[in-house]
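Each in structure tokens, the structures are laid out below.
Look for chain A in each of the two complexes below; its partner is chain B in the first and chain C in the second.
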Partner chain A sequence: MSVAPLTDGLLCGWRIRSAIALPELLEWQGDDRPPDLTVRLGDVDEHLPEGRTLSPFLEIDGTGTGLLQVPEVGRFLVRPSGGITIAPQPEASAAEIRLFLLGSVLGLVCHQRALLPLHASSVVIDGGAVAFCGPSGMGKSTLALRFARRGHAVVSDDVCVLDSGGPARVRPSFPRLKLWRDAIEDASLSPEGLERNRRGQEKYHFLEPEAGVRDSLPLRAIFLLRRPERGEVEGIERLSAPLDILAALEAETFRLPVGRALGTEKALFQARTLIASTVPVYQLRRQPDAPPERWLDAIAAIVRG
Partner chain B sequence: MPLSPNSEVVRRPHPLEAAIGDTQVLLDVEQGLYFGLNAVASSIWQRLEQPIRVGDLCHSLMAEYEGEEARIEAEVFAFLAQLEAQNLIDIRA
Partner chain C sequence: MSGLALIASYPKSGNTWLRAFLASHLHGGQPIDLNGDLVRIRNVTGRSLQDRHAGLEHSDLTPNEVALLRPLSSRRIARQQPGLYKTHDSNLVPPGAREPAIPADAIDRVVYIVRDPRDVAISMAHHFGWSLAASVDRMGDTAFCIGLSSPGLNMNIEQWVSSWSAHVESWLDAGDLHLLPLRYEDLLADPPGHFTQLCRFLGLDDTRHAVSRSLEASSFTALADQEARTGFRERYAASTAPFFRKGGAGGWRGELPPELAERVACTHRRVMARFAYR
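This part shows the complex of A and B:
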């Protein structure tokens, strides 16, 4: 692993300076501000001195500092100031370290800044971000890939970050999609030469560096990917009941308990209610293994109104 | 606590609130529960910001909404009982 100076990257509008290469990110081309986030390699203690345990892998202390421990990958100390220290395990792959840095750690950084992170892949349609949420395996990244292959920019894969204040806008993450081998091959692509998501896993990091987005953009629509319940047909339906929309947005909040522990409920509530009152939220019911192609036109048509 | 026209009712502190369309949405952060109030319910909710006697509450609603006194009272009592059951208000004798 290199510790030579690397070019600063752009992550959700932040300038990030990192001791490890982050090929997912677009290069920083903004002003000469000091980095908002700084990633270093170093020792990290096993526990936070005054830490509260939120899960077997996560502690938060009273200052808002978080410690994430990922077995066989490493420890990540995340300070609210934006200082991030990584103590990798010797066996960890570079892709694995980046997976957690740009996933769980990014979610923690959002909660520290009272921004709403949705668990969503998102692409640009008609000048705005369209987010796909849903349980793992429902095809969020696959849909994003299909749109990317049609020339749509990729806004986020795992963590879709909402800006604070109104109207609802998304801060683009980076144009990387995590895809299973089938999804790659079904799109007539090959996983050859792609980095594996985890060691031994048939999931790969697919980069669309040409398809990245720099500036924040309006959130145009959210599609919740669902499996049809017994007796339901496949299709797209707009949610209308405010409480249903809020419950769905809460369920799709990335690492929700972290926001609670950091006391950002009010900001998250405001972000969710802003979305519920201004952004259409749809349920897209489809079998997860059904070809995604037939939905692309329908989704684009709905977004374009 | 049993409700009577002489009971005083008041909101419990700090649920988060927002309007989504015609619905007033409350989030009780402690319980992690969302509540949706329709137009009439939220007009009652607005009146509970300061402690108010149930009888006065009913009278102020009668001035705004048409309906028999007995029916409005019954609906207000039922709604207040729901709010209390959800820990959203305090009732004082």
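This part shows the complex of A and C:
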């Protein structure tokens, strides 16, 4: 049986040709360049011949090739040339494969290209990208969802990719948010009909297909979501000490050890320095279980200046 | 210290009391802030710690994958961030895995606290907002897990706890661990004696003056008063009582219906006998 070839997609400015459907992505409408990234299905060996273990499920070799193995999803071989081969486990769902392709693998691709990936959800406010960083459970995706419901386009979920060079710009990834059932229901939405993040899990993929962004955007602001520590009150405060900002941005770098292993630390440091000197970085202290609604106007007002 | 020094126990068995004591003791017996200082003895299953060492987000993994990953992450934590940690993990091999979540070679030493399961049943019911009968059922359930994320994210990752008896035996009969077993009831009956033993085992200051200072800072009254004033971050959202509720021994005699007490005694008879819980 022959199937119509899938159209190429747009991911962080790259042309991606994929053997599996990627409904998260906008269609490629750029020039007729060859694909920057190519996703194939095929056999992948259990280990890289010269690889070293960087983290329990990830190996990297001297050429910068990475091998990610997720036991119940499959193996992802990621070459610096942009060739990605996936050997899925038979029981893996399409959503599970895309979860890692558009998450860990995307992070690896950024590090192979010396681009800074921030662990952030981001939305468009006033013509620029506004990124929300912070530990899991602090409400990055939830804030992005609330802005999306108010008509703001979603620029990224987990991985927010910074362009190289100045001024600081974001390469939009895709308008999908990973959300737990409680966050979806708190926003008066239903998880019914949404794909599950993993089988049996109460975490879903919420897609705003009309809300995608095609071109890179200036990075307008970063909000670091934090829980108030003792004696602190809820609120938004701009960070002023460059060293604090640099340390925070380092901590918010997606898969930092991968960049180190690939020797891109200098480029990442330059990208963080550029942000620290040109983009306002705020700390948003709030209780993670408090309603996010009250912060939306304040965030938008600060960004609009 | 090389590797993980664990304060291990079944849930609601006095682990937080020991952490409060140690949090104070590590700072010369200073008063502690419940919501700030207990991180000196972190939960080894804390999500951000585990995510960082695993190099990915556990919220993107299935329970089977977490079970396969945990021993590998435990070894990394032992190597890169050794020290004192608390855990409610059992020392059993979870389904789908090949070794326990914290394998022996990642462990430096273990303090294991055991508490009368009938008191545990009452405390668990209040903590999780369960009925007493449900609490007793869970304690006999060899598939009992905590740290599950549903319907929202749990700040800990999945832990295979198993039944109360299996949990106790998995640690105390391991054979390959440097282990200090402590009965919660003994800690209550003679705090100076047993906390001195604890300090000696962990290589900490075991002088009488130092131990009694830290005991004062972590007394039940001090902890309960502070919870009443400022709340306690680790209190479970569905709890029906303060986290520091009574802190006593033998409360089951007045609070646990006889048929449930009998069910606990029946299910856990062998292990209870080892600790003279009659």
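The working rule: the second predicted complex is superposed on the first by the 301 of 305 C-alpha atoms of A that agree within 3 Å, B and C clash if a C-alpha of one lies under 4 Å from a C-alpha of the other, contacts with A are read in each partner's own complex, and residues count from 1 in each chain.
Note that a contact is a pair of C-beta atoms (placed from the backbone, for glycine too) under 8 Å apart; a residue touches a chain by one contact, two chains touch by 3 or more.
Values in this document were obtained by computation on a predicted structure and should not be read as measured data.
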item: Which of chain B and chain C A:141 touches, first, second, both or neither; value: neither
item: First, second, both or neither for A:18, with chain B first and chain C second; value: neither
item: Chain B versus chain C as contact partner of A:264, first or second or both or neither; value: neither
item: Which of chain B and chain C A:243 touches, first, second, both or neither; value: first
item: Partner chain(s) touched by A:156 [first = chain B, second = chain C, both, neither]; value: neither
item: Which superposed partner A:85 touches (first chain B, second chain C, both, neither); value: neither
item: Chain B versus chain C as contact partner of A:283, first or second or both or neither; value: neither
item: More chain A residues in contact [chain B versus chain C]; value: C
item: Residues of chain A defined as touching chain B within the complex; value: 241-243, 245-247, 250, 265-266, 269-270, 273, 276-277
item: Chain B - residues contacting chain A, complex; value: 16, 18-21, 23, 25, 27, 29, 34-36
item: Contact footprint of chain C on chain A as seen in their complex; value: 54-58, 70-72, 99-100, 103-104, 135-137, 158, 180-183, 185, 197-203, 229-230, 255, 257-258, 289
item: Chain A partner contacts - residues on chain C that touch it in the complex; value: 33, 35-36, 47-48, 51, 53-57, 59-62, 64-65, 68-69, 72-73, 76, 149-153, 155, 237
